[in-house]
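Below is one structure, written out as structure tokens; comments come after it.
Labels A, B, C, D and E are assigned to the chains in the order they are written; within every chain, residues are numbered from 1.
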Amino acid sequence: IKRGYCSSVCCMYSTKEALITKEHAPDTETSIFYMDMRAYGKDFDKYIKRAESEYGVRYVRSRISEVEEDLKTHNLKIKYETDDGKLASEEFEMIVLSVGLEAPKSAKEIAEKFNIQLNSYNFAKTSTFEPLQTSRPGIFVGGAFSGPKDVPETVAQASGVAAEASSILSEVRGSLVTEKEYPPEIDVSGEAPRIGVFVCHCGINIGGVVDVPSIVEWVKTLPSVVYAEDNMYTCSQDTQNKIKEVIEKYKLNRVIVASCTPRTHEPLFQETIKEAGLSRYLFEMANIRDQDSWVHMHSKDLATEKAKDLVRMAVYKSRLLEALKEYSVPVNKRALVIGGGVSGMNAALTLSGMGYNVSIVEKDNELGGNFRKIRKTTTGEDVRNYLKTLINRVEKDPNIDLFKNNEIEKVEGYVGNYKTYLKGKDEPIEHGVMIIATGATEYIPTEYHYGENENIIVQHELEDKLENGEITGKETVVMIQCVGSRSDEHPWCSRVCCSRAVRNATELAEKGSQVFVLYRDIRTYGFREELYENARKKGVIFVRYDEDTPPDVSMVNDKIFVKVGDPILKIILEIEPDYLVLSNGITPSIKENEGIAKLYKVPLNEDGFFLEAHVKLRPVDFATEGVFLAGLAHSPKFVDESIAQAKAAAGRAAIILAKDNIITAGTIANVNLSKCIGCGLCADVCLYSAVSLVEKKIFGKVKKVAEVNPALCKGCGTCTATCRPNAIDLYGFSNQEITDVVSGIIAERRKVDDLNSAESLVRGF
Amino acid sequence: MKKIPKAEFIKELSKWGKIFFRTDEGFLENNELSNRRLSKPPKKFVIPQEEIYLLFYRPEQKIVQKEIFRKEEKKVIFGLYPCDAKSIELIGLNFLKDPKDPYYVKRRESLLLVTEACTYPSTHCFCTSLGDSPFDRRGDIFAFGMKDYYLAEPLSDRGREAILWDKFANATEDDGKLLEKAKKEIEKSLEQFDFKNIHKILYQKYKDKIWDELAFKCVNCGACTFYCPTCYCFDVQDVERTNWGYRERVWDSCMFIIYSLETSGHNPRSAKMTRLRNRVMHKFAYYQTSYGEYGCVGCGRCIDICPVGFDIRETLKTLKLEAGHD
Amino acid sequence: MDKKIIELLKEKLENGEIEGVLGFERKQYPEKNGVIFVNHSEGLKRIADSLFNTLNIATYLGKLKGKKVAVLVRGCEERAINMLSVENQLNREELFLIGLPCQGIVNIRKVKSLYKGEIKNIEEKDRLIMVEGDKGKIEISVSKVLSNSCLDCQRPTSPTADINIEGDTISPNADFLKVKEIESLSFPDRWEIFKNEFELCIRCYSCREVCPLCYCETCFVDSSDPQWVEPGKDVSDIASFHLIRMLHMAGRCVGCGACEIACPEGIKLSYLTSKIAKDVKEAFNYESGLTATQKPALSEFKQNDKGEFIL
Amino acid sequence: MINPYKAEVATLVRNNFESDDRAIKTIYLEFENGKKMEYIPGQFCELSVFGKGEAPFGIASSPTEEGKVLEFTANRAGLVTKALHETEIGEEIGIRGPLGNGFPISKFTHHNLVIIGGGFAFTTLRSLLVFALHNRSDFGNIDVIYGAREPGLLIYKNEFKKWRERGDVNIYLTVDKEFPGWKGRVGFVPQVVGEIAPSEKDAYAVICGPPVMINFTLPVMLKLGFARDKIYTSLEKRMKCGIGKCGRCNIWSKYVCKDGPVFSFAEIEELPEEH
Amino acid sequence: MEEKEPKILTFLCNWCSYAAADLTGTSRIQYPPNVKVIRVPCSGRVNPQFLVKAFHDGVNGVWVSGCHLGDCHYTEGNYYAQRRFLIIKSLLEYVGIESERIHFSWISASEGKKFADIATKVTEDLKKLDSSPVVLAKKR
């Protein structure tokens, strides 16, 4: 099978591997051989720069002709043609091949079973405007099955697909859910702590190193411990039943399991004690496997001593544990979408399809955003037709309220309960979630004499000329890539310009024009690689230039002269084009973004694009709950990617909207009102805007105090360390709990053998 | 009144206990009397800043308790000015009323207070304004330093038993005159404000708005209370260790907000002014009501030490003036 | 006080723009100088500048909440006011700040160490102070008795006062000589210094109460949940108190030195306050209280903050 | 010399929650050596949980009750109360007392008694009430008016039921607001006192409760004709030593721990508003 | 009772460093048992006061570890932590607490080896002090 596509991920993958290698073994010399460095994603170029400058990863632009083994040293010799056309060879101890991705072997089988169409490379066939839709209605595709792609796109598509499916199923939502029932929670407040300790052998994992039975006997002597036993596997089902029995029999109100890590097993045991009627917050764990028996295998005595320390620490903390409250906050089931471009409209329609009300706020008096300037997609679909249909659907949708020519003035509230005030309107829009789809702006070049000569144009102006028939096919056209991208002022790749230029160049070439594309790397990732290949076939000439030696454009009597040094051909090309087309990039709408960022307390990255919660795993979320992100506001991207993101954002938002109430976690910050002095430093450091200052009456005096919104607090505790009178504290990790655990560490040292030794301690000083 | 050569007096006293002399750095064993009023009061000899008084030990569930009494060696406090000697008596009014405070009692029993007539009052002294004198006979023994001799007389049983008084010659009439002359001179050198009936004015002015003005300067630190020779308030706190712990009392100050803060969060003296007012009232009115004595000896240390320039004399003067106008 | 300023304040008092003036009153024993609040124009003459005005006037604004007040401020005092404004403790709009040219403050303790007798009178003139008492009369150059904090002053003038009185100020040097000297010692030698200082402490909390930025109602030292500091005179507890207080002051302390002079035991608190000032300056290029909006150093961060100490 | 700071040790023999929110708990203490403490209603003890500290609690039991058990009811608020609540049965608690003056029982004898309480401050009132009921013939009419914010916060509920069943004491329970399942009176204590209007004739009244309640009840009582010197209350203050030494509980020259905690309103009128 | 082995109070953030400590276990990389781990949600939770109190109470050393900058689960917590740690380390050393007693690190969930290396370093640093007492420790 022919693989005429780019696998989209290998360039970055190999960079990451090289970087990790360097971190683990800093003396390793790592070299990456490549043809075009396709660092097209958000912040990818910065990553490459860091790999190069901070870690010393070497990048070699080349074509490799041969790899052979040196029979003596068994080293591997690479022969390659360098950038300037010379042959070179180098020896390495290890060669890692950046292999591409291909469709799964079972693709055909799956396609047949579900009766969906595949493309020529056996990936699921989709279209630009329906990137998640297979050829058969009701069947959707997400992730690499519709083509190779990076993690954030995959994750976004997955959320988008869920949203699509949810739209179809919206009428039966929730009809098959059965809620697990728990016994009523036993109130243990004001009781003496009665702790049960279960020490796990974990087969021989713990028991083989730590003297488990001796720990059980010892722990019984600790204050408040009323029961202790050891188990072969504390996580087994029969032990869960045992734990429940013991809780009842010994009236335990705290449970400690000394075994593996709470990161994997805490939920299981919490569930168990919940089934026995105890709050899950009354559980504590001592990690005597991953952080003890496994790491001190050769000093069993010390491992046993450490296990005691860890268990004692757990006991000390356990005594202070409280059944924390989880609050329920009702959810307003309306979404607000900021931005009426393709992303905003798609997000709104998807939410509406799922049965939710949506308000769209658009600053212009027309929907469509940046897409209004575009005529065709890179793959040739008619944009205007699509846009017309889309706008029509939005405007007619009864679930969607449109606020065109509007801007946001003020925002109040939090996830589930936002109030957004538009400029000049008293009545706020009340909504539970919001999606930021404010788009971006086209870069207006200041370089290459743009604006000084009517034949120096940008890509969309070229497209207008093509459409208007101003191009005859006799012209010489030069395109310059990366105008306003990948520079010091705009250090990001605008992602779409290569493909767009390639497509326009092909169209020109087909008309007979002579086209030169001056580029730094051609980043036609994915199936767009076909466009690139096609362009070359059609005679488009691609000339590479370095960042330091950009093309030289001059004008003499309205004539344009372009000089560019080709590193491959090692000659200086001088062209006198009829048109100079600048592939201008995409820039964030910084002022607008900053305004919105402030209103909704969400961050921007240093370039001015919105910064998502996690670049790979939470591509359309913000750290602030209830606020989501889609489209160019996130970073430059193609329309299919924007649509997928829009649907993803809708899908993510719908998770909140589907709930009647939001249940907050118990481990959140809380304020002691009599200690609070209202200095507000806690609110200053809260990224989630969970802390605010309010006026309250305390002992007859009105004063400003901090207030925690349980729906927003994530329980990081950063606020607590700013509080001088310790008024704001964190449930589950309170100052008292932490300092008591510290006492647990040194408890043995602060013990006396008898009253006399205590007396001598006291009299000694 | 006896006339005793200096060296011999010291020698005799040293038979009773270790002698601590008034020096610039406090009461030390180094045999050199300073010639100014000590910056710090002698109250630590009867109520140390920190007193651990109860130990407990918890081997299992049962608790073992033990009272802690520090062994007090016998000390001769030599050269105490009368005001400071009076302060120990004033503290005693509180600690000796029923039930007696055994810690004060034991400490006081171990002390022989040898008072010296005050011939170097400081700029902020005002004992005469309270009806006292720098030559008051206070403590167990009173002494008046002359060139080579002390004029001395015992004032208490402990003072009488401390040395063999009969060994020494009686003071002459001239000596007595000298002492009286010195007394008059020193008393005259002190500014006289006459606060002798200030308690009546205080009770009368308790609710007066003037207090806000009077207390404006005060930031409610505890410096005055800790430097006051008659302030005795203490806090009781437990310190816990793994299987033992102790209970101690430490100096406390009525100027601190936490002093009267109740567990519920309610504080009867939450405003800074009320705390200052309570302190002044306690010294010059409540103590008078309870014991017939002011809780102040006019040593002026609180004025010396106050970081914000609060002057109790000014305050009382203002109150007097205000009352006069009424 | 400057005549023009008196006229201005008179006018403001009379037309009700301000309800009073906060300033220092000069006393015969200048160590007894104190803060007064004057709410009628005759009282204005009581207000006087002095090298012995060692408190930070911002401390008193808590007692005047909600009042429109004119305040005479030095650089450190105004920075404290800015800090209090950042921390929502006062409304900067209600204050009319008159910036004084600060010549530093004198530590009376240093004067007393040079004059062993009973001081009866002190006069200030130019850069000299004349001390008179039972041991005669001497003249001392101000530079010899300047407060330690003033030696490390970064900014004697007030950055954002409403009007400024022109005049000579001490030169800001902020070279932190004493801190550097201590930093050059071995660990045991450093502890020796601080142990000796801390052992003097009687826990009267004068340092805390005169500090304009120690305005908590419940100080951590009085907390029992948890008990950060145990009762008593053990140096470990005293040290804990001062260290934690310094943590609370880090990136907030304006370096006025009021705490050191207030301390009845003469503890060299400037060793600590200058240290944190030096640290925030060097590590975060930060000075506290420069504006009424700048957050405390530990309540903000920069992406490229110093982190070489992190493994 | 007796060391008045040294605590005796008593064992926790029983405890039970009083309020539905479990913030109020009654504990029962017994001396190990079988000693019986002599006290009068209205006195208090300093209880200590060793290592946590000491705090004063009014004695809720009556010296006339059988057995040697002392009863205290504590609202969980601070370190010591939390520790007291979390003390297991069989564990030991330090106790100093009885302290304070107590109610002037001799004055009350042969008079009518009006007992008014609010919230968890019924503790020493319980002592007084039980004492009076045990010496029923020594007292005239007994009216008890007791209220709390809500039914779940009324303490000694079972005992109130029994007292009511006796028929020789008038019990009026009230809560601040209507509450599902509550069939009794609704209204704040001062208002209910006004409604019931106990007679001042031959009567002494005792009022204990939160300051607000007392402040509003006192005028009602005065209006009913009670003289100030025939209305008593028990004052709450921060205390440490409990024996008039440490200084903090003073109101003017009186120490609440030693001269009180029981004062008549005639005495209180003399004192300033620092309580 | 005085134990010979120094005890090192160790705060690990739940999301990175604690996970790294677990990974060290899964990878069976060995390190000295002196570090006593307290799991906290974020290094930003670690109030510098804890360090003062811990030294006062008698721990021999303190080590706090969080996510690498930019990797914080709560986005910014470790940036604030970094400033606080700089101040507390500098201040404690200034009054005479040996630098060997105070350590901070950023360890990601994948850096099991780094965790073991630093645990070893921290312990060895402390042992270099040759059981000299912590100056801030209360003696009773």
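Definition applied: a contact is a pair of C-beta atoms (placed from the backbone, for glycine too) under 8 Å apart; a residue touches a chain by one contact, two chains touch by 3 or more.
Since the model is a prediction, treat every value here as computed from it, not as a measurement.
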Nearest-to-centre chain - CA centroid comparison: E
Chain of greatest Cα-centre distance to chain A: B
Which of C-D and A-B has more C-beta pairs touching across its chains: A-B
Between chain D and chain E, centroid-to-centroid distance (C-alpha), Å: 51
Gap in Å, rounded to a whole number, between the CA centres of chain C and chain A: 48
Separation of chain A from chain E, taking each centre as the mean of its C-alpha atoms, in whole Å: 29
CA centroid of chain B to CA centroid of chain D, Å: 39
Contacts with 2+ other chains: residues of chain B: 52, 235, 237, 239, 241, 266
Contacts with 2+ other chains: residues of chain C: 217-218, 220, 225-226, 230, 234, 298-299, 303
Junction residues of chain D, two or more chains touched: 53, 78
Sites on chain D touched by chain B in the complex: 1-7, 9, 48, 50-55, 77-78, 81, 90-92, 94, 211, 236-238, 240-241, 243-253, 272, 274-275
Chain E partner contacts - residues on chain C that touch it in the complex: 179, 182-183, 187-195, 220, 226, 228, 230, 234, 236-237, 239-240, 243-244, 246-247, 250-251, 272, 275-276, 279-280, 283-284, 297-299, 301, 303, 305-307, 309-311
In the complex, chain D residues that touch chain C: 53, 78-79
Of chain C, residues touching chain A in the complex: 87-89, 215-220, 223, 225-226, 234, 248, 295-296, 298-300, 303
Complex interface listing, chain C residues touching chain B: 27, 29, 31-37, 55, 59-60, 63, 118-120, 202-206, 208-210, 217-218, 222, 230-234, 258, 261-264
